[in-house]
Amino acid sequence: MISIRKARTIIKSALAKGKEMELKPLSVVVLDAGGHPIAFEREDGASPGRFEIARGKAYGAVMLGLPGSAQMARAENQAYFMGAMNGAFGGKVVPVPGGVLVKNRKGEVIGAVGVTGDTSENDAEAAVAGIEAAGLFADA
Amino acid sequence: MISIRKARTIIKSALAKGKEMELKPLSVVVLDAGGHPIAFEREDGASPGRFEIARGKAYGAVMLGLPGSAQMARAENQAYFMGAMNGAFGGKVVPVPGGVLVKNRKGEVIGAVGVTGDTSENDAEAAVAGIEAAGLFADA
Amino acid sequence: MISIRKARTIIKSALAKGKEMELKPLSVVVLDAGGHPIAFEREDGASPGRFEIARGKAYGAVMLGLPGSAQMARAENQAYFMGAMNGAFGGKVVPVPGGVLVKNRKGEVIGAVGVTGDTSENDAEAAVAGIEAAGLFADA
Amino acid sequence: MISIRKARTIIKSALAKGKEMELKPLSVVVLDAGGHPIAFEREDGASPGRFEIARGKAYGAVMLGLPGSAQMARAENQAYFMGAMNGAFGGKVVPVPGGVLVKNRKGEVIGAVGVTGDTSENDAEAAVAGIEAAGLFADA
């Protein structure tokens, strides 16, 4: 389980990483093991649709058990499959990096983090920084 | 505009109010003037669907320009009307107290706060406390 | 057919009627005989969700061939039926006055007008004023 | 904020530009900074589905903070990503030119205009003309 305290640390540290890397304004969501939001923040200057994008990245990761990079690889090979996943999950799957699985010490998935705002790769880097700052394990 | 800094203050203060009142675990969302999430937190022990409920309270308030208490009064008189609103807004309208409009000094709506977890009246009280702690004006 | 020129007259005149009656800021949509938007305006100060409400009033009128007042009567007697209509038409039916059928000289439905912002009855009065100003016939 | 007065100027001027360029019948929507309609017009002779297309162009621009041309570039490179965006935003993203961001003097996004009816490039040109006629700044 990701506590609200850990979720706050994840968001705070992901945003700090974004500042350090001089990224565009970021938005960060932390989802639980069922894909439901625990916490979310959107920085000033980000476009209004960032919740849906951040959640889509993290939701797909949790529901499929695949981080965004693996989803993107699948999409590159089989776009219609990821399109079908999007439909099957009510439009809530966004298959690109920045959707990062959160694991505990035993390697069990306990949630996911979704970051959006800069390039997908930079988004993922900020997500990983956030997860590790909370003493948890990232699978990007 | 509600800055992310103000949104954090709203959430922190609403949750502190909940603790002070000894409420059940709360979830709090802050939406902008277009109904889009700026920040959200769900306390440990809250049920997983709380984002949708909190957002539904705040979203209805923004989109209709009516706080949750006024929506509830309408629903009590004309249940089918609020049912139709739920349909018109894609299922995102939850017409009970705890959806509170956020106004600026001029009385303009700049967003809304949705709180869920305890009774609707207690939820609304926590929302108001959060909004006022941020130096903004609540219409519950 | 309602031409764009007539649609503009309807909106302009409905808004003028609202001003004359000292109503709250109004939003007005004109739909064609298929329920599709021809023109829409939302006055400054109206809440952001007014397009969905205005369209819902007019859309239900066109699709069911019943003005808002008749839909409301049905909803008062059989709320579940109008709830089902809402679902059947993808959430786009709002069964209250302010959804007014537009007819030609022969009594054929050529579209509908939806007005929202004040009480449902006042909304309907503004819609009728707009339709008549365009030389068309209103069934409210 | 885009006032209804400015929105009318945008639409009138975009349609005039279309006439001047001898384009097919155009449809023009103006959305606020939250993606909600302020005004819309569909010229006689346009097909009935034009509201959804115009809104889709403008809605995607607001929600993603990217004009239609940038969305199209992304779609050309990563079709599945823009497909996922369409799902994430309930089918309301149409990633082609003709969705143009409206900015104020400070460069802040205050809404978007969507034009449809002719080629995407011509649609965008008409949108830009409308925005500039209202004294605002276009990002196409």
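Chains here go by letter, A, B, C and D, matching the order in which they are written, and residues are numbered from 1 within each.
Criterion: a residue touches a chain if its C-beta (ideal position, glycine included) is under 8 Å from a C-beta of that chain, and two chains touch if they have at least 3 such contacts.
A quick map from chain label to UniProt name: A, B, C, D = GlcG protein.
In this text the structure is predicted, and so the values were computed from the model without any measurement.
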Q: Can you check how far apart subunit A (GlcG protein) and subunit C (GlcG protein) are, centre to centre, with Cα atoms defining each centre and the answer in Å?
A: 43
(Q) With centres defined as the mean C-alpha position, give me the subunit C (GlcG protein)-subunit D (GlcG protein) separation in Å. (A) 25
(Q) I'd like to verify one number: the distance from the centre of subunit B (GlcG protein) to the centre of subunit D (GlcG protein), where each centre is the average of its C-alpha atoms, in whole angstrom. (A) 31
Q | Multi-partner residues of subunit C (GlcG protein) (at least 2 other chains) | A | 48-49
Q.
Is the chain-to-chain touch network here best called a line, a ring, a star, complete, or other?
A. other
Q: Report the complete set of touching chain pairs.
A: A-B, A-D, B-C, B-D, C-D
Q. In their complex, what parts of subunit B (GlcG protein) are in touch with subunit C (GlcG protein)?
A. 33-35, 62-66, 78-81, 83-91, 109
Q | Of subunit C (GlcG protein), residues touching subunit D (GlcG protein) in the complex | A | 3-4, 7-8, 32, 34, 36-44, 48-49, 51
Q.
Per the contact definition, I'd like the list of subunit D (GlcG protein) residues that touch subunit B (GlcG protein) in the complex.
A. 32-36, 90
Q | Footprint of subunit B (GlcG protein) on subunit C (GlcG protein) - complex, ascending | A | 46-49, 52-53, 55-56, 75-76, 79, 82-83, 86-87, 90-96
